[in-house]
């Protein structure tokens, strides 16, 4: 169930779930409050100590230009500094390597001023050029970065990508601490894209030494809060140790991070992860980014256990799970059929199969993102109604239903959901064949627009409606992202207009119109917005679920007694 | 003399010895190395020799159960070795074989009746209705009750099984039967029953026998003529009486003298041969017997002795005779 | 002997070639686009095309195979689509842990299976034989992952005396080895029993008794020694099976070895890794079979290859 | 792991005689308790599979409104659901009963495929010898050197997971041992005089291979095949455990175990019962195979 | 003459499908110092079983009764450890199949040494040296090399020589030879018989020679016992038996063998088959096949004396009186 698209390809291991994502989620209702530094304050932080954590998935790559899956990004963001980042559990962008920045009134020129004296672990200085180097790596087609698409809006980037230019004309460094970026068009969410680890400060000298390709899952050279001490795919363990000369400080003047050492074990087995946590071996369970929270196989246990009552945190994520209905093939070509399916799906029952870990969805956009439609019109709203579904099928000339293939990934929890859908649609005479397969195989079918019906999830890269609606419903995204082959001229117009508008009010209105139309056309059956739950040990402090981005390991500290 | 029923000329069977990476043939086991003989209609030719002398290989080569390397086998005027498959199939009706081991020679999954029906089915003899009758008469002819047809081989003693084996060979009305040690596995009391049966059947059906055995007294008893083999070659051939009363080849002499005689007072000069049989993969030069021959001379080591008729129908291969 | 070895090895090479071709065809039949997998769904078509060309994926299949084999002979197994690491490096790092695990699994099978085999043979057709044989049979009837999970839960969590999965030293090995031992010992028990019964009926055992040897001497010097010959052969085949069957054990106990690598690779359609691990395991199986033949020749003087 | 071909020694000409001789002994339960117990289990299994619709209290695919707790967890065993419900709210007992059909089909049909390929290859290879043997035995070496489970996974991944593809993959990959055993038997049998006698009578190769030799190798083949059925059932469960097995909602014990693994922490019955059913069924075939082996073992005849 | 081995009323019963069947019944014989007794009979008559009973090598679940006295000591009563001291030391045995009777995985020297190490408590090196001597004694060429070879590298005749060397290792007083030449070719048989004759004479050994070949008996034995269906039917000095066979079975045996010399005539077979263990019938066991069977043969005959040390178990000789043994 956890294909959160936005991100890349797959790395489902084992029969256990995993998540891929770009960045971030906008916190709709964090269950606990955080102070401005983003720590759950239970006293003054105590530096020191080591923790162990479980990862469900292997680390694919630690090259910031390449890493685009959630697990890798968790680690990459601890190793590298970006220009800007998200503040605590909010969706406010705050300075990071750039202490401040200016945006020209036309929205085309961004000027960043960097902190002085930032250094890589090996002592090399971090300069504006360190970021330009990374832009060039990301936009080098030979490297195969999945993030290149976000930055072709920079002047000269397309030419550089096409190898028509040897440098990117829109990037310049007038002095070592000033970085100027010029865009071809204004883009409301350009700053958001710079929070992604793609654009991190990298040490080109080091890269030249080890080679562009060897800069992989086993080595890194960054300026972030933790240094990579060892990354050994055998025995699948990654060790991060404190970067003693990291420049960021908390409000007490302590240098981040607090922890001396973080050991991450790749477990591939969520049952074992649960047991490890229950035995107190790991500091917390449920990665914001690298997993979908406490695993389904132990969620009811956690929620029922009074021991963890005050130790769990939940948010509704900016992500959506949905069933896509193909608009160009099979019975679902007919909008009436698609609407019938909308009425035939009992979302609460399916959510129950997911142990209630979500909030029922009624449109593609999650409520945490601007542009979410509070009150959908009646003709874009579908409440569970078998009779209506049957009537619509009759109108569509399928009085006895039909047979259709449902494509999905094949991990255990997903199969349970597929079977739920299967049994519900059987009630209106639709016979569903489940075609579950490995991620690569599944995506190959889905992204060719050849799945009559599929179950996917989407987690955004940054909190902007564009990342949902434009990416998933614009006809220029057929068939890879818009894999239900949805094409509506009005919707295309609205989405294109909103994409380059700098007026958020106008954008919200355009996205609202698009949402109404998309739901009327019943392209998706949105099922739920994911609810994410994590649990920490009682001796762990400072952990919070970030609204956008990766887990705040650099803010975590542990009781003296546990050090 | 009438034309022989079976004429074998210079029959050779070499088994290749393969060795090395490429499994090249580096030598041959010369199991049968140039044997010639003829058997007349109604006659019994006894073939004797110790293990490894090639007597069994020879018998099977004649029937093409083993494809001979060289030589010519003429049966009833036809060159057996040049027959194609269907011709050979037809030919097999004429020449049959009885095996040594009564336990291994009958299919344990077939009843005696099925075993005896098999040859008739293969050669499409008789109408299906008649076949069972034929089975019963065959069984009775070899001295078994006809109701045995429903039983399985394991219910029978060795002697009884050997009778079934004989009945199977006779089911196709052959002219020639090769008997490959037919009584070697039987107890003496049963052995005599089977020998008598074989003699009776020969008279009744005018059969021609090639009787292969290692037991000289049995061979003497049943054969008209006897051929002595040593390491794939013929040592001596003569009429039975002649060979046993007047053996010429030193090997034949030693062989005869080695047989324990059931008479405690028999005083015989015993020739005890020294050493083992040489390997047929690496036979000695010259006369193959020279390594063990008590009377060998230099010539024996160098020259292969010629096959000579020393007396009327008494052939021998020895320099010293 | 040398000629025999060379012949066996060349036979093995043919087998490996066959394996490589079949594997190659099969993994290329997997309906997933490697280039798309490497760069991710949002990458522009141009990036995908560049990667495709880089990988040589637009060449005809036979050419791709030849290129693959060419690189293989130079020790280059390609680069993982998922982890962007050299496959050879990934595999090399995991041979050790898998060999270590497989060794102990094998030892556990022997330690459980062989004494039971001797015991059941000596009490053949008695109640004790039936009970022990039935228990051993229950062992091989258990799904290894099911038993593993149950043991893990009990001895890792309820009575936490052993680690909860993971790869490492001897304490990590205990549970997987016991699990595998329980589910595999019966093969040895059964084999050794029938082999011993056969040897016990041999003439040379009677000869040994006729020489005045004690029952113990007869059992150990004459019976067991001969009865172990088929066990040795089976042991070699079994190590081969172990290498191939290690997937389940590794997945259950979260052991980071070759099996896990291959398994995740299949899940992720990581073609170079699938190719590499399957080939390596096949080489392992072939080598062990070869090794067993040599050991067999050493302990059974009757086997003369020349 | 597959069976040891050495378990049934090919070097030893298989003597079918004791089997017939033992017919009268078949009464004696004490002689072959394994055979009887195993046979009984297998019989029960077959009856359950055939009469599944009669025996199952519910429709195995029916999702019950009261089949899940409010928080979406399965219901523990009770009067309505004697073995509890699974994570979809379906009756586990009914699914276990219907699962016997799938497991039995996979076990038996894949074994039949093993049997067919293995017997033909072994027979042809052993009978004709020479280069035919060399070529076929290389093929057998190849098939045996493959990491069976991985390869079955890859094959099912390519073909798409379904009942028939799973049993096809297991069937097409698992015949190596069978071929070796048959070949070994044929090699020794073809030297037997009754086979030679058949040649002397002028029987064709086909007749000798299939009418004469085949019935005589059938004993060990049956033993091996019986054990193989259990083995293949386990393989199907293994594939399901690894996520590539029979597709739901069709219940197989393998995919029930896999589904149960996700809920076993708070609903252990979802893992226990399908697992138990599988163990008992496999044990039945193993016992039956072992019993048959004892029955056919010539050594037992003298003891 | 002191009898080295005295067997009295030996009865052996086998367990077959939960019932005991008598394979050997009431067998009695003596072997004197340096004497060779031939035990002759067809397969299944119980002659090998008798020899194994003497060595106490029969499988468990076999009932053995009677007495087997070796130099006055009843072997059926001594403990197993003591019996082990006798086996291979005082009494040794050679078997029919020299190939299968040698352990294929041990070297020749090791196998010969085993007896020496077990009974003579000699060092391995010394045992090896003695093994070489023994191999030379039994006429094996290249003894120094053969000692390190394996059984499969030798020919059948050589293997039987090795078996003899093994049996001779501890210079036993009794040698039991169970069909020692049956598996060999005639010319090799002659060699082996010759060797045995010399060795037993030189070492003054008592020999129990088991065979089915009357020729071998005539050549090798001082006395002979003819067995049929588990019983000794006739026993006496070899010359007596061959000159004056008394039991119809003995007579039949002699008549049904084809002769190597003399007139060729039709054989006179013994009709019928040897009875199986499971259906021995009552009375004289040979009666169903006996050309001279009488009504009285339904009852079991005793052993009657028909000459000097010549006894016969047949009603035809009942008038001669029961032997006094």
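Letters are used for the chains, namely A, B, C, D and E, taken in the order the chains are written, and counting of residues starts over at 1 for each.
One rule holds in what follows: a residue touches a chain if its C-beta (ideal position, glycine included) is under 8 Å from a C-beta of that chain, and two chains touch if they have at least 3 such contacts.
Just so you know, these numbers come straight off a predicted model, no measurement behind them.
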item	value
Set of chains adjacent to chain D and to chain E	B, C
Selected interface, B-E versus C-D, where C-beta contact pairs are more numerous	C-D
Chain of greatest Cα-centre distance to chain A	E
Distance-to-centre winner among chains (Cα means, whole assembly as reference)	C
Centroid spacing, where centroids are CA-atom means, of chain A and chain C in whole angstrom	39
Rounded Å distance, chain B centre to chain C centre (Cα mean)	52
Chain A and chain D, separation of their C-alpha mean positions in angstrom	46
Whole-Å gap separating chain A and chain B, where each centre is the average of the chain's CA atoms	89
Multi-chain contact residues (two or more partners), chain C	30-31, 149, 251, 263, 266-267, 269
Numbers and ranges of chain A residues touching at least 2 other chains	14, 271, 438, 441
Residue list for chain B, restricted to those that touch at least two other chains	none
Chain A - residues contacting chain D, complex	14-15, 271, 274, 296-298, 300-301, 303-304, 351-356, 410-413, 415-416, 418-420, 422-423, 434-438, 441
Footprint of chain B on chain E - complex, ascending	42-43, 155-158, 185-191, 193-194, 212-219, 238-239, 242, 252-254, 256-261, 264, 266-271, 273-274
Of chain A, residues touching chain C in the complex	5-14, 58-61, 63, 66, 68, 141-142, 144-149, 152, 161-162, 213, 216-218, 232-236, 265-269, 271-272, 275-276, 278-279, 281, 438-441, 443-445, 447, 471, 480-481
Residues on chain C engaged by chain E in the complex (per definition of touch)	202-204, 206-214, 221-222, 225-226, 229, 299-302, 304
Contact set on chain C toward chain D in their complex	11-12, 14-16, 18-19, 22-23, 26-27, 29-31, 124-125, 130, 133-134, 137-138, 140-146, 149, 184, 186-187, 190-191, 194, 197-198, 201, 230, 233-234, 237-238, 240-245, 247-248, 251, 259, 262-263, 266-267, 269, 274, 277-278, 281-282, 285-286, 289
